[in-house]
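Here's a structure for you.
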Amino acid sequence: MLNIGIIGAGRIGKVHSESITYHVKDATVVAIADPFMNDETKAWAEGLGIPKISKDYHEILNDAAVDAVLICSSTDTHADISIEAIKAGKHVFCEKPISQDLAKIKEVMEALKGSNVKFQVGFNRRFDHNFEAVRSAVAEGKIGDVHIVKITSRDPDAPPIEYVKVSGGMFLDMTIHDFDMVRYLSGSDVEEVYANGTCLVNPAIKDAGDIDTAIITMKLANGALAVIDNSRKADYGYDQRAEVFGSKGQVAVTNDSASTAVISTNSGVTGEKPLYFFLERYMASFSKEVSLFVKACLNNEAVPVDINDGLQPVLIAKAAKKSLEEGRPVKLSEITF
Amino acid sequence: MLNIGIIGAGRIGKVHSESITYHVKDATVVAIADPFMNDETKAWAEGLGIPKISKDYHEILNDAAVDAVLICSSTDTHADISIEAIKAGKHVFCEKPISQDLAKIKEVMEALKGSNVKFQVGFNRRFDHNFEAVRSAVAEGKIGDVHIVKITSRDPDAPPIEYVKVSGGMFLDMTIHDFDMVRYLSGSDVEEVYANGTCLVNPAIKDAGDIDTAIITMKLANGALAVIDNSRKADYGYDQRAEVFGSKGQVAVTNDSASTAVISTNSGVTGEKPLYFFLERYMASFSKEVSLFVKACLNNEAVPVDINDGLQPVLIAKAAKKSLEEGRPVKLSEITF
Amino acid sequence: MLNIGIIGAGRIGKVHSESITYHVKDATVVAIADPFMNDETKAWAEGLGIPKISKDYHEILNDAAVDAVLICSSTDTHADISIEAIKAGKHVFCEKPISQDLAKIKEVMEALKGSNVKFQVGFNRRFDHNFEAVRSAVAEGKIGDVHIVKITSRDPDAPPIEYVKVSGGMFLDMTIHDFDMVRYLSGSDVEEVYANGTCLVNPAIKDAGDIDTAIITMKLANGALAVIDNSRKADYGYDQRAEVFGSKGQVAVTNDSASTAVISTNSGVTGEKPLYFFLERYMASFSKEVSLFVKACLNNEAVPVDINDGLQPVLIAKAAKKSLEEGRPVKLSEITF
Amino acid sequence: MLNIGIIGAGRIGKVHSESITYHVKDATVVAIADPFMNDETKAWAEGLGIPKISKDYHEILNDAAVDAVLICSSTDTHADISIEAIKAGKHVFCEKPISQDLAKIKEVMEALKGSNVKFQVGFNRRFDHNFEAVRSAVAEGKIGDVHIVKITSRDPDAPPIEYVKVSGGMFLDMTIHDFDMVRYLSGSDVEEVYANGTCLVNPAIKDAGDIDTAIITMKLANGALAVIDNSRKADYGYDQRAEVFGSKGQVAVTNDSASTAVISTNSGVTGEKPLYFFLERYMASFSKEVSLFVKACLNNEAVPVDINDGLQPVLIAKAAKKSLEEGRPVKLSEITF
């Protein structure tokens, strides 16, 4: 049994706490900490049976009974807390991105050197049933050599402008999942990026210096090509699709919806919209990624998403940003790390 | 080259004339006759290049240059004209049903005995791309032994009451195609029928002594079961589907529509309605059935839908009608023939 | 918080225990009893944190702390234990069917008279996301008046012959869910049944006096028609579909599968098979039905599936059996109750 | 009635001759010319009832009875014959592309100035039922303002190397249809192109100086973004899809196939592959584009695909080629015309 401490009791910290309690075998949440811990959150944590509730995550790091931590705090704290946890000998599951600052990621990598700590990054979509099915088909050679990877990723609505301003930009905030997906589905690193981006959804996003619509193309190390299209607002809901085309065929996944119901009337033949957003669409992936983290910790196995998997999408996002700014394709090797 | 005379220049006579002219190789329409031939129809026939246009079909039967006739006249004349044509040595393609009167069908069968005349019945749906695909899958053993045949057949709108009154009832007028489809898809005769029928679409149909909604179940000679569901009015259009389930799996076909377009909006994910009615849905089947008739005539081969195939659905319809009247399953052997 | 005792720790008892523990708010499993309680099951129950584990369900009925029981024992004990539980003042959630013996169901109904006990029957499929979507569309009038209800229900494989022998026959064992579904989706009672049944999957089932393939048609009290097709073995997996056709259109649901992945190769365009069987397909419905039972108990509301809903499918199954035996349509009023 | 002369009796010349004869009202093929006219082609033309058959297209241009010509000769002759035809006062339907040489297109444009000749370019896919449905949805505002256009266009197999060598490159030979489609579906011109291209299908294509796999992104004049992905070989067949995403939703079309048949077995749920190639997929579009050309000629209306529509895709293809060579986005304004 792995004893887990949760650092950060915001939305994603709560999701992980509940999914571990109800769905992850061989793991227990033994502690949770959040600087803004209030009565409501405390009651919620008690309801889940979490014995140790505090405002200071050091209480978790200093607790010898804690084997591993989930870092669900704000993005800018991920790297520093990771380093502290590594030094305290705790296995670390760190929410994505490790950092928007490459130097910080480097520090975490340094801290990991020589340690026996497991370090996993929270790219949960890899554990979604649909994307796993695509990856399996590719890995089993069902479509032959990979030629083209296509990802459609559109949110149901743009985030608040205040969030946009501190998000690090759409590529680091939203597309980062899709950059990871390109690597996961293709089984290859990315070598070069060209980004087209614009602001068509909300002019306030442009005023905030960001974009809301983009098409990003990539050249992969294995010779294949990839493309992602993004929008911050798809009126029909969360659009999460992927295709991988290869020498022997194609595998594609489309959206999940609440039911298979199709209503045929004089107006047409109408099915349901996609599931609303990531909590509906990807809920099962959260327990699956942690289950595999737990398994890796308990059996001393490799984690399924390691620190390099955490680093690469940040590098791609940086290259995409540079491409957008300079209006030219940018190689990942141009990004100083 | 087969010289064809068309007897009857109503809707279906026109459909056949045009499809032979434009789509059937090795055949020419050399004559057309209709007692109600008017200037408009004459102009249409001339436009098609049909050289001989008359009011009297005997001019066709007496024309030595005519090899074959398509009988597209009103249903009550099919059998008598068939017999005259057989006696005149013309190959016969007769629109369905041969007759609503079993004694008349018997007379046609008698007339055919000893003759070299080809006789095909116009069950065109057998030549529809979708139903052919089902039949191929069954015949090739892809689904193993047939266990269950399911047919959904619903019209987009009920016919006029005046038509209902002379139609012979829904089973002989509409379901007869589905009875044929059960035989075609299963490759088996029908042994027993039980019919549930009611009037839910238009009370005037009930007043006319008919039904507009039905579920008919059948026991087949090969041991399989079959079911047809019918409605005279599907608000979303012409619903023409079939499934055959067997020991190794299932083959199913759904409706055709005008395009594959799917529009996703805040209201749902909406595709097109089925093609409106039989002229849209089954147009290609009309030229295909005649092409095969022409081939059978020219090469002295068996026709794909012979007189027994024309008889059986009438027997099934009679049994269904009796079942509905008597509230019990009726064997085909109970129908006097 | 509702304290629940589980009577019967077989497959379905375990499913309910786990789903209550992990997914049902406001309820706790406080006791479980099974005459065959062994070490393995005991360890499992302890792992779930169930405090009271015994071989005798009377310990549950006699426990004042228990508010409600789930009767998950063998079918032949459902009615008697229900009556004991009612007399003990416990709310009852009884797995389907209440009994295969109508007299026993009558006894339970008698026992309920004048009591304040809630009594719910375990027709879980009503709480499946797909069937709920069909029911909602019908109830909201989206398809107008109901004309035709169609249910396809096929198991992935036939049960062992030993099970078949004691199952009460396919109609009472398997089709009973579909009879309930006809009532649920249509919002109407069934008045008359005609059953075609045969043995095409496994001759040993015939030897055991049962059938494995059936088409059952029904006349409903609201004037609509219904049809169910059943097979004990669909080689492609658990086939669970439904359609309701009405004056304004149709609503249909198809199967769920493990992912939306479609692989296109030289061999065709291939999607996944349906989810394997009821535990995969209907898992979420088990927690939902119990959640609503808990809500009804705590708030003194009507249960969503009451004892009449438990009785009716048994009556329909009896009528279907009689129809099959006598080769004629049978009215429910013919079944002595 | 429009009298048409066909210049070029190769594959596409034959397709047009047959589709005009059988499907285009108000038009007749009165002459056909091909320098390689042989006995077989002559017999075919006679079978269609074409009265005038020659080796020299000047016989068509000099024939006062000819109202219009379809230029179906080899690409390098399109422009010169167009100019001759314009000077002869014949309406011109010219197969795509007008020329691979922009100077030649300019000459045609000059020749058209002041003439009353109709000039249409053969971008037939605009008249495909699926793409028309997408365009209609966009034009009717069903998806709001256009944000993203996505086109997938993959051939079932790579052309012979000898063809590749003289094709002008994949962008001018194959992608040119997709460039036209971007303009047609979006209703906007293209301003900038960035092309990723590689050779993954057949190394001999690389040796011939061409590519076989590409992803091309575009910035449109209306502010939207577009992307095309191409492959010379999709093992599952001709993949022709499009999506347009906008402020209010998305419209998407997928492939047509020979039937809707779906076979469910132990191996999966398998539908048919796409229709094999452009003759199967786009046959109906050939008669439709010519019908509209005929209508424009007879009624002195604007043609649906004018010379600018013929020019723009060549400009985009040139920009794409330059982008690929120089590894940077290229504006259409950089292409000298």
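A, B, C and D label the chains in the order they appear, each numbered from 1.
Note that a residue touches a chain if its C-beta (ideal position, glycine included) is under 8 Å from a C-beta of that chain, and two chains touch if they have at least 3 such contacts.
Computed from a prediction, not measured in an experiment: that's the story for all the values here.
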Contact-richer chain pair (by C-beta pairs counted) among A-B and A-C: A-C
Reference subunit B; chain at largest CA-centroid distance: A
Centroid spacing, where centroids are CA-atom means, of subunit B and subunit C in whole angstrom: 42
Chain centre separation (subunit A, subunit C; CA means) in Å: 40
For subunit A paired with subunit B, centre-to-centre distance based on mean C-alpha positions, whole Å: 58
Overlap residues in subunit D, where contacts from two or more other chains coincide: 234-236, 239, 248-250, 264-266, 272
Of subunit A, residues touching subunit C in the complex: 22-23, 129-130, 132-134, 137, 142-143, 248-256, 258-266, 272
Interfacial residue positions of subunit D with respect to subunit A in the complex: 144-145, 147-148, 150, 152, 154, 194, 196, 198, 200-201, 213-215, 217, 219, 223-227, 229, 231, 233-236, 239, 245, 247-250, 327-329
Partner subunit C, residues of subunit D touching it in the complex: 234-236, 239, 257, 264-273
